[in-house]
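There's a structure below that I have some questions on.
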Amino acid sequence: MQQVESIQAEPAASAATAKLGRAIVITSGKGGVGKTTTTANLGTALARRGARVVMIDADIGLRNLDIVLGLESRVKHHLLDVLEDRVTIDDALVGDKHSENLFLLAAAQSREKDDVETPKMQALVASLRERFDYVLIDCPAGIELGFKNAVAGAQEAIVVCTPEVSAVRDVDRVVGLLGNRFRPQLVINRLRPHLVKKGKMLSVEDVNAILRLPLLGVLADEPEIIVTTNRGEPLALRTENATGAAYHAIAARLAGDDVPPPMPPVPKPTLLERIGSLVGRKRS
Amino acid sequence: MIEFLRRLFGHNGSSATAKERLRLVLMTDHLELAPEMIETMKRELVDVISRHVEVDRERIEVNFERQDSTLALLANIPIVSVNRPNGKADATAAPPPQTAPPKSEPVAKAAESDGEAKPPRKRRRRKKSPAKTAAAPAVS
Amino acid sequence: MNARKIVITSGKGGVGKTTTTDNLGATLANRGHRVILIDADIGLRNLDLVLGLEKRIVFDLVEVAEGRCQLRQALIKDKRFESLSILPAAQTREKDAITPEQFASIVERAAEQADYVLIDSPAGIETGFRNAVAGATEAIVVTTPEVSSIRDADRVVGKIAGAGKPIRLIVNRLRPEMVRSGDMLSVDDVCDVLSIELLGVVPDDEEVIDTTNRGEPIVLSDTNRLRTIYDKIARRLEGELVPFTSFDGQSFIGRIIDALKAG
């Protein structure tokens, strides 16, 4: 990754100014493992802690961060409008419906990923770091140009993986491509504890034995995520939900709080097990 | 136990919301993907209107706007002159737009989008002449 | 007669392209057709893994394109079937290691020795996708009943349509209980929005995770209902009019709940 390695250290001038925000790319290789959901929820959780957060949807042509946040009707300008100097960043930023200090820079829908020039992307991220505590970059699936551009401006990486062979293999490849510049942290998504218990799904330990990455969080498979996307209301808005709370824990860990390390969720008793115990009680 | 089951199965449906949002977002996506179609549509719209009134083609604005649960096409087409009912051109027709006010009356409406006030949006309005006769072509 | 060349694509990642490719391929092979599966996901190959053939890879797609080996040397025959072979992708190369023309030419060569060539497309709409589509004369678009997937599927249909290739839809990972409770879009909802011919509806099934871990297509399982579902899809692909399985019938759990409420 020639371009990535040639990035200079931050300009000296910034040392005198306020602390620069952290630019974090959320990537995975495999599609559909939860990058966009993680970006939306992590952004929400960080904003709720008082941080100023901007989320960039780098999936040009297949934008979805807007719809996951419920902001699709508010997007007037997009990333390429900014990169090509048709509008200012402020014109393009969309304020979140639910959380203060949370902003979205949407992808272009009708353009191609080739249209993004890497140096411009880097410059954009650098300038956003001056205004925001966190710049979260939602990376497209794959390892093509879209991926490279999303990674280009970032200093940190979160890799999202489901406990499935294909996903683990892809993350492994991506970590290799990210190279030495990054020390990626891992989020394991869509764990099904009851399947792990039966040996039908890789466990957290299994995944980490292969990937050997610092574990940022573990999220159980949560059908409610589908509902939240239907409505455009990220689950992190509901801390009473276990997965919502888990996103907040991830935000806390990311921020460096002293939070207990992620624990794999325990299997809930299955419906049949509960029925069984109910019937058992009735009998006795 | 029944409560647990109720909670599990008793959501109020988000799928209707999803379908509606999807319908609208796809419309927007399709429009974004078809700039040539939009250009053609604008041209044809103006051609049709021009058959009945003279318009200022340079100052035409056509935009799509999200309104509640629909997408709307809003066109602002300044009208320069209107033929007399007998078909002859209006003698007071103004040449360059800067020197004569457009004959259409702007319907000023502060279009609000998410709390941000926008400049008043003009609506296209067909000007009705008081001496309109049955022979005058109806603009649909 | 040359094979039918079908690309399986989606736009959105993770909706089940690879699972669909291997299971549909396996089913067609079981129905007596000669099937070749091609993994077009250079750099992120997975078709070999889900079929448990990863240890048998000698040559790959890019090496065939570069003329470093013959197609037949790269094809891996799956011994569980009469006539199912796969052409794996390269793992350490980039998607631009092959041009659409080169890919199309390889697909043509495969088509000379098969009845069906199924191309497993990568996610996205970039080079890899364009390559995958270049080789095909038909497309199957896979989506889940979720907003993002459907939006991406729509985009992909837009990209393929107009080239005269028939495009059909598979709705994957349907959860009938969530559709019933109004928390998931129904198949009808999806079809309304996408307006392309429906080829099949596949319900969500946890067992797929386990069988994929073991490198086995789910259709090899005698007991799993997906075997019948994929069989129906194959028959529709062959041109038969097959009614769609109804998932509206009450589930086992639903019956228990009613029994509990009554008792």
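Think of it as A, B and C in the order they're written, each chain with its own count starting at 1.
As a convention for this text, a contact is a pair of C-beta atoms (placed from the backbone, for glycine too) under 8 Å apart; a residue touches a chain by one contact, two chains touch by 3 or more.
Since the model is a prediction, treat every value here as computed from it, not as a measurement.
J.: Which pairing of chains gives the most C-beta pairs in contact?
T.: After counting contacts between each pair of chains, the winner is A-C.
J.: State which chain is most central when centres are taken as means of Cα atoms.
T.: Answer for the innermost chain: A.
J.: Tell me which chain's centre, taken as the mean of its C-alpha atoms, is farthest from chain B.
T.: When every chain centre is compared against chain B, the largest gap points to C.
J.: Would you kindly tell me how far, in whole Å, the mean C-alpha position of chain B lies from that of chain A?
T.: Here chain A and chain B have centroids separated by 39 Å.
J.: Could you give the separation in Å between the centres of chain A and chain C, each centre being the mean of its C-alpha atoms?
T.: Taking the mean C-alpha position of each chain, the two centres sit 27 Å apart.
J.: Where the centres are mean C-alpha positions, what is the separation of chain B from chain C, in Å?
T.: 43
J.: Where in chain A do residues touch at least two different other chains?
T.: Residues 67, 109, 227, 229-230 of chain A each touch two or more of the other chains.
J.: Taking each residue of chain B in turn, which ones touch at least two of the other chains?
T.: Where chain B meets two or more other chains at a single residue, that happens at 1, 11, 14-15, 18, 21, 25, 29, 33.
J.: What positions in chain C touch 2 or more of the other chains?
T.: Chain C, residues with two or more chain partners: 147, 151, 155, 183-185, 260.
J.: If we count contacts the way the header does, which residues on chain C are in touch with chain A in the complex?
T.: 11-15, 18, 43-44, 46, 49-50, 91, 94-95, 122-128, 146-149, 151-152, 155, 175, 178, 183-185, 206-207, 209-210, 212-213, 253, 256, 260
J.: If you look only at chain B, which of its residues touch chain C in the complex?
T.: Result: residues 1-2, 5, 9-16, 18-19, 21-23, 25-26, 29-30, 33 of chain B touch chain C.
J.: Spell out the part of chain A that touches chain B in their complex, as residue ranges.
T.: Against chain B, chain A makes touches at 67, 70, 72-74, 109-110, 227, 229-232, 274, 278.
J.: Over in the complex, which chain A residues touch chain C? Could you list them?
T.: Within the complex, chain A contacts chain C at residues 29-33, 36, 61-62, 64, 67-68, 109, 112-114, 140-146, 164-166, 169-170, 173, 192, 195, 200-202, 223, 226-227, 229-230, 271, 275.
J.: Could you pull out which chain B residues touch chain A in their complex?
T.: Counting only chain B, the residues touching chain A are 1, 4, 11, 14-15, 17-18, 21, 24-25, 28-29, 32-33, 35, 66, 113-114.
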